[in-house]
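You will see subunit A twice below: alongside subunit B first, and alongside subunit C after that.
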Partner chain A sequence: MSATTHHETTINAPAGLPLIEIVREFDAEPARVFRAHVDPELFARWVGPRSIETRVEHWDARTGGAWRYTAHRDGEELAAFYGSFHEVRADGRLVQTFTWEGAPDGVALEVMTLEELPGGRTRLRGVSVGESVEARDAMVASGMETGVVEGYEKLDALLAERSSAGR
Partner chain B sequence: MTDPLSKAFAALADPIRRDIVARLTSGEVTVGELAEPYDVSVQAVSKHLRVLEEAGLVSRRREAQRRPVRLEPEVLDLMTKWIERYRREVEERYQRLDEVLADISDDQRERGAS
Partner chain C sequence: MSATTHHETTINAPAGLPLIEIVREFDAEPARVFRAHVDPELFARWVGPRSIETRVEHWDARTGGAWRYTAHRDGEELAAFYGSFHEVRADGRLVQTFTWEGAPDGVALEVMTLEELPGGRTRLRGVSVGESVEARDAMVASGMETGVVEGYEKLDALLAERSSAGR
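Up next, the complex of A and B:
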């Protein structure tokens, strides 16, 4: 069980580059990790926080297919996301586009690769590339989890204070 | 590009400016001292400093000629925390995935047993 081993997520968000890299290991073989990404019922169970219900509206997990899901809290739609399945390869490569409908001109390209580790384990590496550094930052901030946005607002306020003080 | 956060990230997009910020973590330095290791003029370094200053990352004390440059650690700290918060959210998401993965293996065992 996951209680005995602890695999912390590593995030690499290089300054000045429009990409985010995520690395995480799992106590499950690549085929299972892959299934949890392409099976809509399984995916809906883990993608959003527990307080949020994920409704998969469209799901065609094949190369050239498309997807769309919405996030709800207390019956109210909070956000909607859609994209295409650019490449779905059962041997552990999933390439998708990702758009948050709140910023319809923005799009990220997400490449996930699964590497088999000894003992039936998997190393997941996800790289998300936005159109610009600003788009990347907005992508991070557009997360359903409000904490990110709150952090943003606090930082915005602090920075605004500083730049006016510097003048 | 007007919002302050974009400004701060953009300011750090340049390798010399990142290096300046890294060097300032050990204390206040004058522009001349900052310029020494680089193959650029003091004027060019001043220009980089202006970008960092406008982004709220460094400040300069009005102290006669010396005007030492110092880091505004709060801003950097918040930028790091902002990424750390995102990291924690991704980690929480993957902990939910851990549980789903454990469930799937139970399914398979049940299916295999029946």
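Up next, the complex of A and C:
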């Protein structure tokens, strides 16, 4: 049983707009939350649902770089994703593109910003914008909420572990 | 006086949606229209309003690459833009991100697709998606229509020139 605190993840899909908004707080400073998004070894440890193992295939987390990772269950590749790092700003702004290779004509723009809260905590805001409300609805229907909620719970644990290790 | 045919450029900014849709036909095959978007020397010759000179500062037109160019008038740099090439698909799909450095927190996702028409002609569809309707409205208000319309007229001329040279 983990003693890590899990904050609520707010996922909002506004009617008639092709976007998904996510708000989530973390009990760690913005710099550490940011690092967990740009360091490929840390990222692979928390992203996605609990049932999935993530393998980073390519990762160049700088403005103008690109990335690709695959998702595995029981040794079988279930999905692959790729995109670009449009902007990697160390003060807490990360802008990426995102495509699931199973729907190669789909693409989303993802903007993450981190706000420092009192007590060394962080509020993450994520916006994912797609080409159409239909594509947005398909992403919501795909079960992305489970991946987001479980992923952030794994990130809580990762941040707590590194905190207690004094890093 | 140029004898080049200029087709109408349709620019649509749907109410309540954070996107701009562009439709434009060209009297050249998709492969040549595509090349004019990914070859930096050709691109610099046609993009933007007539009053502007474009200098490509960085250009890596492959999936996962990035780009940057500056706009000059009378030798003075007026603006700089940068982004990533999320996808460069030679059969006529180009997905890029776009930021004007004067508004560094703004970003748009641009998807261009080319459709072959009878007679060796092409229909270009472009969709530019931003984070909010307000940002979209600001881009429309910035005079982007002049740049798009004049740019495509320069592209008509470029395609006609290359055509008559037998390339």
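One rule holds for everything that comes next: the second predicted complex is superposed on the first by the 134 of 167 C-alpha atoms of A that agree within 3 Å, B and C clash if a C-alpha of one lies under 4 Å from a C-alpha of the other, contacts with A are read in each partner's own complex, and residues count from 1 in each chain.
In this section, a contact is a pair of C-beta atoms (placed from the backbone, for glycine too) under 8 Å apart; a residue touches a chain by one contact, two chains touch by 3 or more.
Model, not experiment: these values are computed from the prediction.
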Which superposed partner A:90 touches (first subunit B, second subunit C, both, neither): neither
Touching partner for A:103 - first (subunit B), second (subunit C), both, neither: neither
Partner chain(s) touched by A:16 [first = subunit B, second = subunit C, both, neither]: both
Subunit A residues touched - subunit C or subunit B, whichever exceeds: B
Those residues of subunit A which subunit B touches in one complex and subunit C touches in the other: 16-17
Residue ranges of subunit A in contact with subunit B within the complex: 1-2, 7-11, 13, 15-17, 22, 24, 26-28, 32-33, 35-36, 42, 45-50, 133-134, 137, 140, 143, 145, 147-148, 151-152, 154-156, 158-163, 166
Contact footprint of subunit A on subunit B as seen in their complex: 1, 3-10, 12-14, 18, 53-56, 59, 72, 74-75, 78-79, 81-83, 85-102, 104-105
Subunit A-facing residues of subunit C, complex: 16-19, 58, 63-66, 82-87, 93, 95, 97, 99, 105, 107-109, 111, 127, 129-131
